[in-house]
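Take a look at the structures below.
Consider the two complexes below, in which chain A is the common component and chain B and chain C are the respective partners.
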Partner chain A sequence: MNHKVKKVLNVTLTYCILILVSAIFVFPCLWLILASFSKTGSIYSFNGFFPSEYSFDSFVTLFTDTNMYNYPKWLLNTFVIALFSCLFSTILLILTAYTISRFEFKARRHLMKGALVLGMFPSFMSMTILYILMTQFKMINNLWGLILIYSCTAPMGYLVQKGFFDTIPISIYEAASIDGASNLRIFRTITLPLAKPMIVYTALTSFTWPWSDFVLPTLLLKDKDCYTVAVGLMSLGETEFSRFAAGSVFVAVPIVVLYFLLIRNMVSGMTSGAVKG
Partner chain B sequence: MARVRLENVCKVYGSGSRSVKAVTDFSLDIRDKEFIVFVGPSGCGKSTTLRMIAGLESITSGNLFIGDRYCNDLEPKDRNIAMVFQNYALYPHLSVYENLAYPLRCHHMSKEDIESRVKEASDILGIRDYLGRKPKELSGGQRQRVALGRAIVRHPDAFLLDEPLSNLDAKLRVQMRAEISRLHQKLGTTFIYVTHDQTEAMTMGDRIVVMKDGVIQQVDSPSNLYDHPCNVFVATFLGSPQMNILEGKITKEEGKTRFVSLGEKPFSFAMNPLQLGHLGEEDFPLDVKLGIRPSDVLLGCEEEETLFRSTVELVERLGDQTLVYFYAPGRKDYSIASTSGEKRYSVGEKIQVGIKKEKAHFFNGKTDVSLSDVKPVTYLSKEKVHYLDGKQKGKLADRLIDASLAPLVPSALIQIPSSAIRFEKTDEDDVAIQVVCDCSKDYSDRIAVYAHVKDSNKGISFSSEKDRKPGEEITLYVPLSQVDLVDPKTMEKITDTEKLSSKCHPGVLSFRKQGCFLEAKDEIENHEKAYTLVRLNPLGKKDLLVLKGVKTGEVLYYSVDSSDLLYVSMNVFFRKRCKTVRK
Partner chain C sequence: MPRFINKGSEKVKEDCTSFADFLSISNWKVRLSFLFMGLGQLFFRQWVKGIVYVLIEAFFLWFMIACGGRFLVGLITLGTTVADPWTNTGGDNSVIFLLMGVFTVFVILIFLALYIDNVKDCQRTYLSTIKGRKPNTFKEDLANLAGRDFPKLALFVPLLGVLIFSVIPIVMMILIAFTNYGGTIVPPALVDWNGFGNFKTIFTAKGVGASFGKILGWNFLWAFLSTFLNYFLGLGLALLINKKCVKFKSLFRVFPVLAYAIPGFITMIAFRFMLSLGGPINYYLTGGFQNNKAIVDFLGRDSKWSARLIGLAVNAWLSVPTTMLLATGILSNINGDLYEAADIDGASKPKQFFDITLPYVLFATTPTLISQFIGNFNNFGIFYFLRGGLYSDGYFLASDSDLLINWLYNLSINNNYYSIGAAISLMIFLITSTISLIVYVRSPSYRKEDTYR
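The block that comes next holds the complex of A and B.
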């Protein structure tokens, strides 16, 4: 077999595998999207896998029929939680990662080890205690309770951000401190601009987690008016399948928009040209 | 523009048994407007020293003055120095203009001032056309110019340059080397330049500091370093190809001094005793190392000049010169001769080898120290008290060691650094020593004087500005603080002269029958302090012993196992913050 044929076969095989894998991934999404356009609404009326008739009705009722299931309210709740959690988590996470990466202090190693070990426990282990704490603080059915939990647990996942800060050469900081900048000024004028891609990444991840989280809101939000989209959709009746599908599809829209808005800031190579090593 | 002064600066990383001493007892006076170069192999502590001057590393002990200011505890930004890093350390997200303006903005200068300063600096360095560009759009040489520019705009007291050229290619390096020298002449500011490249050191520096393992080996002008290296390390570090070192002996027979090499077929030649500086009769025969630069080796010389015969092992033609490798008696490795490029040698050719005898360097075979140079330190016996005059004898004993500590080290020697020797009394406490001049040797900028202590045969050497005649009596004065007592076995200081930084307070340690006592020497603010003892354990290693919970002014009883404690150094300091109790 000559070299060229071998190469063509190789490429064909690679593409076949890729198509197969992507089909497995795309199918559930496609099915969900198609289901959201189902006219009858019930999963039992499907013709095989897919709906027999299509219409926009589910999306319309999602926003108009708010007596039983107030989807716009859920969306607003989710947005408030995700927005503030994103804001606070990003600030805390960036500060934590920067501090641990840049400064030597006594308990640094212990803190890092502690965070690593704590991170190994599954998060549902803390559910009981969180519920009790939130009851004590009277924060059940309170969006701020969720924001508090999301923001405060975020710095535990500082490792990725620390890894990024570690790549900024220390001599840049040293040059700035000799140039007369205080620690805060260095952070503001040097670190933050350099860490822009990382901040965008952090903001994106800390927005999507509260946006799509189900476990914590179910635990802490009992009042229907406080529901987030995830909890609300779960409370839908059995016959409302297409509404469920429509709600799930629509909830992905802001994330996709956000992603495309921010992705161009996530270019790598910001530090190129700073130093030669 | 400022003078930079370092006094007994030490840097220790880590603590306890895992501590590493990066810089030891670094004392240097860098004159205003001087271009000084720190040079040495990697890991010798040159960058650490520079970073201590910059304030990026803390100073473990010792004092640092920039201008007249005591700078140990100042933040880098308050020292008014500028630093250029090896990897440029430009701010990648800022344009060249903003990079240059950054330090000025940090000092809240007005917009007009910033603009004029940036323009001025960019004109000096020829980077005006790139002001709008980002660092990544610049070449290596341009980036380094921007880094220099960022240093210039500040109008700092001193420039610190940490291997600024080592990331550039060879051609650019030569160009930037000249540019930095020109910059120094133009600005007239103190430059402190760190490099591992001996060519840079030799071509740029007014003075060069050669360092090894955290210790200064020699501080001198480039020509003096090349012509009069103080030890084998300096001799072989500077000069390319490096100096040939041959082992041998110096013998004295019938009043004539001869060098005899080692090896199966040794060679020998008569030598000028002045080349040896100061040696007593009892020193012969002496193991020495003969150092000869490749350019001072003669190949194919006349019969009477020939010292030995050898065979060419390897030839390297560099164009203007040819390097010939051969084996010489007294050296296992190759020796190298450099000859003019016109002469042709071939491998296997028999050659007659001689040397320019007046260019030979002689080093002590054991200590590697040059025999012909001023010895950096002189050791005098403690018992010979007539080295010191009556009044100072008592004081010296007080300063150096507690009377009851003396029996612990009966044979201790008094150590006098030659750099501390003065010819006039500057302080009441100065130690005076009467000496008689033996001979002197003219260096380009100073005269080395070799003398012996009056009523003794103990030699002492020092630098003098004027010529001294043999037989002339001279009184030398040494500041008391520079005199130390050393243990002859380990040559470790018994008194620890590492000066304390401002955070510490001195105390007095005394030995009594019950044990060892500590007392505060100065008035200390009235809060709890811990006492830190610098202890030398039997292995000669330094050990910190911290005692906690002691009140100021309180006399502390501290019992030690006599087998454990060899001796305790003088400096006891009171730390503001306590660490853990170790014992």
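The block that comes next holds the complex of A and C.
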């Protein structure tokens, strides 16, 4: 009897904690969604967490009132940057990781150590110089400048992908090359299909990184019409709170949907990187 | 054991293990390639490759004579003439001098690498002619690029990109740490080399030195606390959801994943709004702003510890889901038989946790734990969004919750103290690299890279 009571208590407690944790995670999101339906923009007109009046106005002004805050333009900028960075980063990253994992060449160890050391420098260290470089290339207020930097520095994060490629048995490759397949052919017909979850993971992370980065865009995009969503939303004050909420909801929803669709790939990507370093 | 090939009556060493070997494997054609890139290849009748090599050296010589030499001198002097608007003379821009100097050094290094490559290529051709083979045609060389030399082809673009946008900026910043660039000394004023002056300033100057000590201490505390908190909360959550009695497991995972998927900057700004003076938390504390004395300034000037604790909490909100997902993946890999055996042997649940689960999870996540520690040590976003732009009393251009990385941002990007910022970056680098090298090099995943193959 005592044992049973203990068990019931255990189960109840577990559920209580889980429900509490879920509430903690879901509450801020709900609050933002509620706020985006507020009729008045300012945070001061809210009754605590709840708007005093509800309407779709924030979403309408978000896309129509573009004089001060050109949200549609920001969204377009972000999308262009994210799409192209995702494309180039994924190609460069997968290529680098595959080559380093698959081939034994002289500089291999040196490259890996070099990347490790480079990764230890704080990321802002190079910001000032990147700004000077970009002024030299005449690429301030230019979306392609950002795409260039995101894509070119992407191969530095090759370790997770390399960890994944390391788990593909080398005998498969040997069999293929004995059969006379060239490296490119092996890559196309064997590696790519096997690495699909990893490629999805890479593409997703390199797509969402430009969405949420704010340091580089703040530095390189000075013109208000060139802002990305992150920089633009940051510039909104307390009186524009519901506009911020509406803008955030609009940005977050597609990404959240993407994550939920691809969560399996995400987890396998993360764990393979974790076990293998 | 060196290998030799017979060439008539004499023996030629085939593999070079020392510089003397490198020089000894030669005939007159190889020696020509020592003299000028590509000549050897031309005499082996490898026309296209030879011409490409000759052009590379010609371009290099032209570059060095036309401007490279000037750039190298500029790297040492950092400019000598100040711009004078009265006589309308354009002065030297020290930063551009530095940039071009570093660029030239890299051009020279790349050229040297190509030069050695050229000689080695010639030696290879020479050795294969001794064996009675014909020198490779251009077509065969191209085919090699897709085969044996594939890494060269594949890594060319990534390496070039990383070189320009990561290596050169970092090298320049390291150099800048030893100049007096910043403050009032920005172009058109001339920048000069300064030795260890910036480091001296950081450690001894009144305002800067005191701030550095305080910020460094908090930075370490923050990194330990937040890593510890996120790790065990995430692990705990994963274990809770994994419990046998819990139904709707995937439903309970949905909410953390939601938090994980929302871009971090949105949540951080949202939390700032929530805790702001006019925000909802204060609304309830003051009874709808009836009693304005009760307003709490959670993130303001005088709220050092409340801001720090809120930072920890917000960071946990953002990072616990990641650890949870990771731990869930790892937990599913543990062999269930272990627990069954432990049950039969009568081990209690806590004992099973400490003797089976925790060691396994710790082992599998050591690399991530380090990277999370480093990530938290350099966690810029939290305090930038919660308290950005706030400067506290007793701190030089920083708030009392700022980490070194925030200070670095304030100094070098908001206030133009470039050289001090660069010196601080170097110190952050020293700290993080020492920590992770010690742990990483000892970790099994580095030493036994090929165990799973």
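Observations on the structure shown:
By our rule, the second predicted complex is superposed on the first by the 242 of 277 C-alpha atoms of A that agree within 3 Å, B and C clash if a C-alpha of one lies under 4 Å from a C-alpha of the other, contacts with A are read in each partner's own complex, and residues count from 1 in each chain.
What we mean here is this: contacts are C-beta pairs under 8 Å (C-beta built on N, C-alpha and C of every residue); 3 or more make two chains touch, one makes a residue touch a chain.
In this text the structure is predicted, and so the values were computed from the model without any measurement.
By the touch criterion defined above, A:Ile149 lies against chain C but remains apart from chain B after alignment on the C-alpha atoms of chain A.
Contacts of A:Phe260 after superposition on the shared chain: chain C is touched, whereas chain B is not. In the superposition on chain A, A:Pro169 makes contact with both chain B and chain C.
Once the two complexes are laid over each other on the shared chain, residue contacts for A:Leu194 go to chain B alone; chain C is not touched. Set against each other, chain B and chain C differ in how many residues of chain A they touch, and the higher count belongs to C. When the shared chain is aligned, chain B comes close enough to touch A:Ile178, but chain C does not. When both complexes are aligned on chain A by C-alpha atoms, chain A residues 169, 182, 270-271, 273-277 touch chain B in the first and chain C in the second.
Within the complex formed with chain C, the residues of chain A that make contact are 10-11, 14-15, 17-18, 21-22, 24-26, 28-29, 31-32, 43-44, 46-49, 92, 95-96, 98-100, 103, 105, 107-108, 111, 115-118, 120-130, 132-133, 136, 148-149, 151-153, 155-156, 166-167, 169-170, 182-184, 208, 211-212, 214-215, 219, 230, 233-234, 238, 241, 244-245, 248, 251-252, 255-256, 258-260, 263, 266-268, 270-271, 273-277. Of all residues in chain B, only 54-56, 75-77, 81-83, 85-93, 102-103, 106-107, 134-138, 140, 143, 150, 154, 167 touch chain A in the complex they form.
Across the interface of their complex, chain B is touched by residues 169, 171-172, 174-182, 185, 189-190, 193-194, 270-277 of chain A. The touching residues of chain C, counted against chain A in their complex, run 95-96, 99, 146-147, 150-151, 154-155, 157-159, 161-162, 164-170, 172-173, 176, 237, 240-241, 243, 245-246, 252, 254-267, 269-271, 273-274, 276, 278-280, 283-284, 288, 317, 321-322, 325-326, 328-330, 333, 364-365, 367-368, 374, 378, 380-381, 385, 404-405, 408-409, 412-413, 418, 421-422, 425, 428-429, 432-433, 436, 440, 443, 445-446, 449-450, 452-453.
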